[in-house]
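Let me begin by handing over the structure; questions about it come next.
Lettered A, B, C and D in written order, each chain numbered from 1.
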Amino acid sequence: MTIFENAELDHTQVENAMAPEDSAGLRQLYSDFDQAHLMPLWTQLDDLMPMHPTPRSVPHIWKWSTLYPLAQSSGTLVPVGRGGERRAIGLANPGLGNKPYISPTLWCAIQYLGPGETAPEHRHSQNAFRFVIEGEGVWTVVNGDPVRMSRGDLLLTPGYCWHGHHNVTDRPMAWIDGLDIPFAQTNDTTFFEFGPDELTDYSTPKSSRNERLWCHPGLRPLSGIHDTVASPIGAYRWEYTDRALTQQLLLEDEGHPGVVEPGHAAIRYINPTTGGDVMPTIRTEFHRLRPGTATQTRREVGSTVFQVFEGSGSIVIDGTEQQLDIGDLVVVPSWVSWSLQADTSFDLFRFSDAPIMERLHLDRTHLEGTTR
Amino acid sequence: MTIFENAELDHTQVENAMAPEDSAGLRQLYSDFDQAHLMPLWTQLDDLMPMHPTPRSVPHIWKWSTLYPLAQSSGTLVPVGRGGERRAIGLANPGLGNKPYISPTLWCAIQYLGPGETAPEHRHSQNAFRFVIEGEGVWTVVNGDPVRMSRGDLLLTPGYCWHGHHNVTDRPMAWIDGLDIPFAQTNDTTFFEFGPDELTDYSTPKSSRNERLWCHPGLRPLSGIHDTVASPIGAYRWEYTDRALTQQLLLEDEGHPGVVEPGHAAIRYINPTTGGDVMPTIRTEFHRLRPGTATQTRREVGSTVFQVFEGSGSIVIDGTEQQLDIGDLVVVPSWVSWSLQADTSFDLFRFSDAPIMERLHLDRTHLEGTTR
Amino acid sequence: MTIFENAELDHTQVENAMAPEDSAGLRQLYSDFDQAHLMPLWTQLDDLMPMHPTPRSVPHIWKWSTLYPLAQSSGTLVPVGRGGERRAIGLANPGLGNKPYISPTLWCAIQYLGPGETAPEHRHSQNAFRFVIEGEGVWTVVNGDPVRMSRGDLLLTPGYCWHGHHNVTDRPMAWIDGLDIPFAQTNDTTFFEFGPDELTDYSTPKSSRNERLWCHPGLRPLSGIHDTVASPIGAYRWEYTDRALTQQLLLEDEGHPGVVEPGHAAIRYINPTTGGDVMPTIRTEFHRLRPGTATQTRREVGSTVFQVFEGSGSIVIDGTEQQLDIGDLVVVPSWVSWSLQADTSFDLFRFSDAPIMERLHLDRTHLEGTTR
Amino acid sequence: MTIFENAELDHTQVENAMAPEDSAGLRQLYSDFDQAHLMPLWTQLDDLMPMHPTPRSVPHIWKWSTLYPLAQSSGTLVPVGRGGERRAIGLANPGLGNKPYISPTLWCAIQYLGPGETAPEHRHSQNAFRFVIEGEGVWTVVNGDPVRMSRGDLLLTPGYCWHGHHNVTDRPMAWIDGLDIPFAQTNDTTFFEFGPDELTDYSTPKSSRNERLWCHPGLRPLSGIHDTVASPIGAYRWEYTDRALTQQLLLEDEGHPGVVEPGHAAIRYINPTTGGDVMPTIRTEFHRLRPGTATQTRREVGSTVFQVFEGSGSIVIDGTEQQLDIGDLVVVPSWVSWSLQADTSFDLFRFSDAPIMERLHLDRTHLEGTTR
């Protein structure tokens, strides 16, 4: 398609031909608009239809060294139980006003469960996952299936699955939760139900039943031959993730394809019934960079969150480099450029709203030159 | 799945077990949260995760008898041209604060073009349509293809299509625009480019080229065998819509299937390359009720807008009946019950965000008994 | 992928290193193979796995001037009715031995119905269509819906639809039937049921109910929102086909896209619920060439049949040109090159097994230079 | 849809109303048909369109105790090499005349490779797999990636993949090959190319590169995010298959879902990029029955082959029970009833043409009462 000359302009370079001189008539018109619940496009086109995404949310880093002690304090001061449901502390993007949203689509929290505590069962339309960067001893019970939570594991509770948690140890445990709460609330899609105050199963098996049925590479049980909207796998174990990344880097060492770019191994967690994302609104991935490497700088439509799992490095967001240590969480808003840079071997968990963008054909990526 | 006893409760019936007594420590904790850009879930669960959708947007009716004169006044007072781009007056849902959004996902405006006026070309990522309830004489030029706009027609300008409009007559013309501006802005997906100030083609053919290529029932040009994200049809003519509805009612008269419920004919506008919705984010339909009939009362996830095209009747929203006349626009927020009721033969154009809900598996419908 | 040097060889250029010298032991081995229902690959690789498709079916032309009189004779000599079911005379590819198959996948017949005759109702798993090149006066009743058959119409009776035919005039009528009988028989997928001897509806409406519900361009009844395996349209009328082709050529005259190649207009008949082929195993298209033009020579995996509808021209098959007149049928086996050449304006109906090839990812096309 | 009274009849119960008395005219007509390459439907409807599938192929069992010695003999008598390509001995269904087809769609052979032998590289459009019931020491090189072949492994070489085999040990090895050769030949879809006489890589790694990249449950490399027509996994290891089946039976022991029917564990091998079958035309599964159990008797459209991997039992085909021991192969034609019955714990590999049937919407299953 012809790219017209004007296509290069932005709003600031264009004089608004629709700005009439002030007059009593015009003031009356605008007042009538107000009365009738109307707002003209021509006075706010720049805001409504900017040249490219202009997110209100901002890039922001939450340090694990801040988060974890605050979670501990809340463990002391606030009981967990029915009504509040979870001792989860949401990361509130500073650009989104007084909302507990890490981005316009995503909610992210640190959740904390003390020794012997139980978070009661409930279910909701929102899709949820948990990712564990340290600790162990909690089981989450998903539709009656007890799922061990351990370091490096990704745990799913897709929309409408009943779930509760309990800590069987004498030590506390914390992890992060990711949900599509903002998207659900903005678009008015939320449903919620209370389940039993007690969990439906207090057993603590090493492997959940869903893993035993589904976690065999390239195999699908004949009893589960119908595709499901979300993944039937409730626990993606660190052992497998680590092994997959290790193999990609070894293949690169041997001169074979495997890494996504030089020095950069990465996997996407998938729904084995479709090969697609684990849940309809949330993408989850894990990335590993070799020491001294960087990812190609890119902009993407949609918001994304990283949590450092191992090692140290930095992220260059919109040209500004910021240090990242274990447990640190960083959000990158839509169309803001970013690149990860590894000091040591650098492991990061990532989640994003990419499935929303792709399913609605709103996705777009711009790759820039690498900066390191 | 077992529905637990608690599942019947709502937030007001459950005491929050996570409301600790006030204390200096607690106040310090909450203050630390603020400092660290954190917000606890347990104090705002009811707001964040309500039992069912609790839209901020409200049901609202805009009378055509108010809209049209205000559009006329703006035609006198405000020129149309580059920078403001369109003389479009957005319907601002009273519940959504100071935003020109008819719902959280949709923007709807009355656009007005005076005799001989031209709205310059531009394109954007937002998906757009126009629907005409009266008048004629404007051509919209979509990717260089001039498309006549006439009464009852649905006209598409899907994301990234260049488009401009001009009025070739000595009479003004008004119509409604529907876009996914709020969704694009909330989710930071918007791109915009200015095109030429003058239109690329001022000819005024009766049929656009896309219609000549694509509007043959059950046929697809071999030159267009690859599926497209949005419909290649730019104009859905009233002649066809009317005929399809007429036939459904005749089939009902003859005792054959065809109508969607007794006395209620309805069509969905589709992308002929897939059989699905015309654009990835917006559904468009047309409904016709026989005099004296009503649609079954229903609640649906997602927001919907009706415009009366012909006849008169009412809509019962959340139990309250309101009169609707030609041109009137009414928005129904998510999960609010509604039923249309026909005094005369009653024709309504409808658009909604249903494709968003369905593609993300967030759709849900509850049918109630009919009320009339 | 590297293309190795040997990749250019064919079987005749390669000596079989697996041809041992004759010996008693070898003869015993081959005899033992026979006994045990075994056959070695190494003695028949060339036949089993040739370098490219080597169809047993051959290109062949059936002249309408031969077919029609024979159909007339059978109308005199053979009654129509239960048991034989249809007065249909199958075109038997000379290369396929004593089988009534026009190709390995397709069956094609001329069917003839005399004045006042009725072909009783039945249904089967095989997908079927009829195409009419002359005459009128027969109605086919599909699942109880009477469908007029007229010149230029494509009529569908997809798998498992009940259907019968009757001639309401005092003149005979003939048309062609196309089915996937060979594919069904070879692969053992066939089911058949007898219906009533008398038709379920003898009325003779101009438009069938399915047309009244579905034949509105770009529109879909809300009562038919679930996708169907085969098209819900029972009759694709000549009026629409002709109009679509006419418009493509007019667009070409005006310098706009539309034709599939210069001077060549073409449409594919589609299932409006998916935009795909009308039935899972059979593709149907209509082609129109301007006088003096030719289609690009091509080879395709899968077999295809053309019937001339209007005008005259020729087909160059594997380098040999053969004249085609109205009603003539020609089959092109898999991977045999073909090009259509138009003397006058040249209209051809086409059907093929392309959906089988595409759904199983066996499709492949090779385009050569045009020959005229 | 109404099921008419006649629907219960079959061809033998219906008198053919289209059998005219013999006459000179009729004989002339039929002779003219012959001349013109035409065949009437009414004389052969029963054959062409039977009431249900009437396969020419028959159920048949090949005993491993017969197959393996004959493969050994051919190892002595017939060298392996270019031209014949493979020392593969096809199982020829006794019902299919002089064709090396195990069913109308599938080819199955025992392939034998002596100590130190090499089968040269080639590629073809046909999809192929190998399944190993005993032995080890052969590597198959697929697109340059050496893949170990060991007991219980399923190995894939989908259409157009280059592949060759070599035996690095001083003992022979035999396995079964499965391909869609009959389908490709009948439908004229075959392409074949010779590759190098020597293999492109003689290394013998324990794990192939494709396994190292793809065999991590629920994980997908970001470098492989585009879906592929066939599975990127070249080796499905016995270790995983065995573990998956073991877990299903343990879950059954514990009272949880998992098995496909009581006492019957089963997995399907899948393409991890889609969750669907490993190749477009061939389905592969593995079944395990507890001692003393039987599968529900069923008929299915399409042909299927079982090979006993471990244990003993029988198959009841069309009411006749036949003993099955390790290595035995049995083919069940379309719509023939079958049930597996386990004496001991009973392990069977299965392959079939089910993807063809499902993709073309020809699949159909009838479940009967269990027989044991």
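Here is the rule we go by: a contact is a pair of C-beta atoms (placed from the backbone, for glycine too) under 8 Å apart; a residue touches a chain by one contact, two chains touch by 3 or more.
Bear in mind that the values here come from a model prediction, so they are computed numbers and not experimental data.
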Requested in this report: Determine the set of chains touching chain B that also touch chain C.
Outcome: none
Query raised in the report: Distance from the CA centroid of chain A to that of chain D, rounded to the nearest Å?
Result: 43
Report summary line: Per the C-alpha means, the centres of chain B and chain D lie apart by a whole-Å value of 51
**Report entry** chain A and chain B, separation of their C-alpha mean positions in angstrom
**Finding:** 29
**Report entry** Shared interface positions of chain B, touching two or more other chains
**Finding:** none
Query raised in the report: Which pairs of chains touch each other?
Result: A-B, A-D, B-C, C-D
Requested in this report: Give every residue of chain C touching chain D within the complex, in rising order.
Outcome: 1, 4-7, 9, 11, 14-20, 23, 25-26, 29, 32-33, 36-45, 48-55, 57, 60, 62, 66-67, 70, 73-74, 76-94, 99-100, 104-105, 107, 109, 121, 124-126, 143, 159, 162, 181, 183-197, 229, 280-281, 301-303, 333-335, 353, 355-357, 359-362, 364
**Report entry** chain C-touching residues of chain B, taken from the complex the two chains share
**Finding:** 209, 212-223, 225, 227, 231, 233, 236, 240-241, 243-244, 247-248, 250-251, 256-260, 266-275, 278, 285
